[in-house]
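Just dropping this structure here.
Order of writing sets the chain letters: A, B, C and D. Residues in each chain are counted from 1.
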Amino acid sequence: MKNTFGNSMAVTIFGESHGPYIGAVLDGLAPGIDVSEDYIRHNLSLRRPAGKISTARVEADEFQIVSGVFNGKTTGTPLTILIPNSSQHSADYEKAERLARPGHADYTASVKYHGYEDFRGGGHFSGRITAALVAAAAVVIPELKKKGIEIGTHIESCGGIKDRAFDDYKKDIAFLADTAFPVLSENQAVKIREMMEKVAEEGDSVGGVLETVVTGLPAGLGEPWFDSVESILSHALFSIPAIKGVEFGDAFEKVNGKGSEYNDPFRMSGDRVVTTSNNNGGINGGITNGMPVLFKCAVKPTPSIYKVQETIDINSKENRELNIQGRHDPAIIHRARIVVDSVTALVVYDICAQRFGTDFFGGH
Amino acid sequence: MKNTFGNSMAVTIFGESHGPYIGAVLDGLAPGIDVSEDYIRHNLSLRRPAGKISTARVEADEFQIVSGVFNGKTTGTPLTILIPNSSQHSADYEKAERLARPGHADYTASVKYHGYEDFRGGGHFSGRITAALVAAAAVVIPELKKKGIEIGTHIESCGGIKDRAFDDYKKDIAFLADTAFPVLSENQAVKIREMMEKVAEEGDSVGGVLETVVTGLPAGLGEPWFDSVESILSHALFSIPAIKGVEFGDAFEKVNGKGSEYNDPFRMSGDRVVTTSNNNGGINGGITNGMPVLFKCAVKPTPSIYKVQETIDINSKENRELNIQGRHDPAIIHRARIVVDSVTALVVYDICAQRFGTDFFGGH
Amino acid sequence: MKNTFGNSMAVTIFGESHGPYIGAVLDGLAPGIDVSEDYIRHNLSLRRPAGKISTARVEADEFQIVSGVFNGKTTGTPLTILIPNSSQHSADYEKAERLARPGHADYTASVKYHGYEDFRGGGHFSGRITAALVAAAAVVIPELKKKGIEIGTHIESCGGIKDRAFDDYKKDIAFLADTAFPVLSENQAVKIREMMEKVAEEGDSVGGVLETVVTGLPAGLGEPWFDSVESILSHALFSIPAIKGVEFGDAFEKVNGKGSEYNDPFRMSGDRVVTTSNNNGGINGGITNGMPVLFKCAVKPTPSIYKVQETIDINSKENRELNIQGRHDPAIIHRARIVVDSVTALVVYDICAQRFGTDFFGGH
Amino acid sequence: MKNTFGNSMAVTIFGESHGPYIGAVLDGLAPGIDVSEDYIRHNLSLRRPAGKISTARVEADEFQIVSGVFNGKTTGTPLTILIPNSSQHSADYEKAERLARPGHADYTASVKYHGYEDFRGGGHFSGRITAALVAAAAVVIPELKKKGIEIGTHIESCGGIKDRAFDDYKKDIAFLADTAFPVLSENQAVKIREMMEKVAEEGDSVGGVLETVVTGLPAGLGEPWFDSVESILSHALFSIPAIKGVEFGDAFEKVNGKGSEYNDPFRMSGDRVVTTSNNNGGINGGITNGMPVLFKCAVKPTPSIYKVQETIDINSKENRELNIQGRHDPAIIHRARIVVDSVTALVVYDICAQRFGTDFFGGH
């Protein structure tokens, strides 16, 4: 469905980097969900670029909810959020107009859309559009929390520097929720920031891996085969620009090992069924087993760099050199974090609503 | 859609390990596609367990096409393939009936289906169901080839032993198409087989990574956001039991590097646009760029092992030990290969039909 | 989705009139639903042609459930029913092979499928395929009844002869459930039968209108706009061959009247909200209001007649005369009844499961 | 999909009668379609209430395209249209706040949404939302015309007064395209208007039947079974508030007749296949046969009337009398016309794009 995702509750996104608005429509929300504009603003702020390690395009991230909320609560009809594009320096981009930026969608968009695409600032491919996903998800995240479901994502590694592993999920999630730079270890956070600043000075960029945990999901969610939790989550996660890999548990690191080590033994913990390891990331046969769902996303280095790059002119189909002049992020992994949280929240909401009905959430 | 996947052309799968039939329905196929029962049989044989390194349950993989084919060609109406389950030793499983096999879906299925699931041999979660996907895809693979689109998958690594990288895609794909043990390097094939046999002797199992290439895809396929090629492919791939990670290019290995190294520079090669590296796996912004599409799947070690494992009794909710007696695969990665090829083919067919129309394939 | 319909619970149908099997896959059923093969057989018998007023092709309507049922109950995984085509007199059809039968899909199928369609007996367009829908729905109808939801359809009119109106829904539905000729008035049943026999003697056919009631649906089901109950029901009903009109309440008869007469006033009946008339057929704004849902389907006269008809030869594209020799139904409206009931049941099940969750039905 | 409809090209609608905006997102449009704001404005004007026979709420129907158009042409990415609600006299509705208006969705919405719905002016159920459909469809209607596909709808009957039948489709469609009161016969137009004014004076309302023709559709579009042209069109048409019946050809009037009269004989007309009658409304077996597609929609009388009506108080669940004071349409059938045209256009565009590919329309 191109720009729409979800079954019982679906999100539709729209907009271009340099158009008047980007936005999202959430359809199928339960009625009676409290909508906090402050919380939406807070989550948008976690996505916003800031400081030396981010692009100078600072968006106020104002937004307006234009449908689906009445007296501060969801109505159950489509909730639409508009985010105006306040800062459009088209001139910055004009020189690059016909040069395909490597790692970006300029060339592929020109083939797909026959040159009719709004190419300014990446158009509809711009990471800017993720602000709409973040705003939309901020409607459902507090509602998930009311049901005991919480989501947290940290930078597992960036530029080769590793964060510490998750320790106490509850504490770590709480810490991450209010931190613009989502690294659990204070020491490593400093190192990663310093590395990013150095990379920025070189006119280069850097990527890394995000690790996410979802706690509180009941066992029995998801489906075998095409609607496995892995399938649905990865579908949504790979929509996020820059994400090039998704694994559950520590898949790529551990699958070359033995089954006797990889299998997660079941044990009773009081009257709860648990596993004593979690290599399967909380999912067996596509279905949640009640353990925390764990996955990692590989976030590629920001393709916009200040270095001279080889490329082609889309129009003349000739070889050229590209020298980007605008201001761009040397790293977006810290900003991508809230996008991963948001996409995850939208998926989790939908999976629960499919299983437990549309009235599982909201007021009655 | 649970057991149905695809838009213009959709596959529906059904069946249980110990029921009379498993099968698949392909809906939306173009009319006039030649259907070769020999080719279906050939691809099923690539999935079939064989020798010391595979389970002793040898299926004849007979099949019957019961709709959608007339005079040897597709009609354009739903094509249904039935595969009888010829070898059902229910007794083998009865002892394990209530013990949740770690790494399997026994426990999660019991929660989801409240104990009504057909638990014999994994029921609907059994890898056996993938035979239906393989048979179904064998209808479209030759048709893709007619359009210049070819797919090949090899064992990139298994039990820590690496195959050589893809070299000449055309030759490598041709080699893999007729090889039951999909390792490109003869030497490494021997090593992996020996390792597998040793693991089998230990009563253990082993996993690894499959690497796939799709050549001949035109640029401009796919969509930004939710129908990105990465999204659709990963959705389908994660449906395959045992796959726990999907990455495009060498994502997890390389994303910690610099943008200047990760970006794939564009160049003209005659009148074709190419990239001089392919870290993005042939996809920019969710859309094919005309380069080979490259991805890897992490295949976890077969969860069925002969060693004693800790687990619970699903019924009594008490701790127990599990000692599986049946005969199982010490590795399924070589057999999973054709499943990955098949799922990929179904996705690629669908993406092309959405873009170019239902008559892009077939006869006129 | 071509041959698949439904969201939380979807049905997929396949098969051709003269192929080995037709069938249906039900995906998304709750686990633990009792499956009665006798009831399936009973409903298939209501669809079966019989006596002077029906085609001589008498199918035994044997069937086999090949997946999704274990110990007599649904497992929650896809339930597949196969119905063998026992009586295939291909020779009957060969003369007509290239002559487009007026009112049938022969010509349109030849355009859509470029001549690759299985044209024998109408192929995939054959009314025969509805047996699969009937068998599939017979799994859910008793489950709906357990939730207090019942469905009944009678011949409102046929060949200009009217049945009496519904009177006591409960009694009328019970009567219809066991009657092969679904006319409420004994007198009118005789008249309609006699008329049909006379039409059969003339080598002609006749159509009419079916009226359906669904009782016991709670208020609040359905959606405004595209998933209105009218939208979903009509979508499914128009899939049935021969249905050319669907109206809720007595729409076409009454919409030319005044709002003051058409509006259904609300009243309290004890603590239940009722309407004192039901012109809206139990649906306001696309959503059930708790009153019986009422709709009518216009069933066109069986297109197969024994009279000489003008037509074309599909191959030579020349004018020709068609003189059908096979044995066909002079009327199918009485047989279409159970198909309408069945399609309605599948829709109602799905709407409930979307709203109340997948565990609303079945066992726990 | 609740508020989203379509496969290759999907429309999503949102908004409430008294919110800041209503709107629509069109996703999957071909790139390079000329977008005429004048034409959008023109079609919105055909929907706008005017004169004595319409509600006094006159909307300027301003609109803003906020995404998906660049340099006057579609980009191929989601096209979003916002329509501000300029005239919100909430006070008019406050008295009726808790009284369920008969024939409206007030009561059903309160059950479905547990009282959280925005009930002002019908909220998301308001006919006002159809303006978004009209604006959206005005993007595709000229593009359909370029492909030779035209759509026209007239009032077949209203308040018992009949318009003349379609005569010369081409001329009639051209006439209707520029007429706010879509009656083909000048005489009958006068009579219907006078009748409407009289009904308005009585404080009552009136409904009728709309008849639509689609010319220029090639043979072979649509699918057997669930994606029959009848299924898809009726699904979309029943989304329009007030539509309670849909029939193809003259179904309800003619199905009680004989097959020998109902069947449409095929003939060659030069090298084109035609039918000499069109009782099947241009559709055989769910698939277009190349003849004009003809259907009728039953439009119920506007439920808002000035007469005292029996109803209930939604909150107290007590019987009450309702005396609506606001200004409402005595008839909306003339305004519903362009909504039917619009919904039809969106469906036809989608069906063509599914069959012929996304590049069938637009620029290259």
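Note that in this section a residue touches a chain if its C-beta (ideal position, glycine included) is under 8 Å from a C-beta of that chain, and two chains touch if they have at least 3 such contacts.
All of these numbers come straight from a predicted model, not from anything done at the bench.
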item: Most remote chain, CA-based centroid, reference being chain B; value: D
item: Between A-B and B-D, the pair joined by more C-beta contacts; value: A-B
item: Whole-Å gap between the CA centroids of chain A and chain D; value: 38
item: For chain B paired with chain D, centre-to-centre distance based on mean C-alpha positions, whole Å; value: 45
item: Between chain B and chain A, distance of the C-alpha-averaged centres to the nearest whole Å; value: 27
item: Touching two or more other chains - residues of chain B; value: 1-4, 13, 77, 112, 124, 224, 359
item: Chain A residues touching chain C - in the complex, by the definition given at the top; value: 7-8, 77, 224, 354-360
item: Residue numbers on chain B that touch chain C, as the complex places them; value: 1-4, 10, 12-16, 19-23, 25, 27-28, 31-32, 64, 66-68, 70-71, 73-80, 82, 112-118, 123-124, 359, 362-364
item: Residues on chain C engaged by chain D in the complex (per definition of touch); value: 1-5, 13, 100, 102-105, 107-109, 111-112, 124-125, 129, 157-160, 199, 204-209, 219-228, 230-232, 234-236, 238-239, 241, 243-249, 251-252, 254-260, 262-268, 271, 273, 275-276, 279-281, 283-290, 296, 298-305, 307, 309-312, 317-319
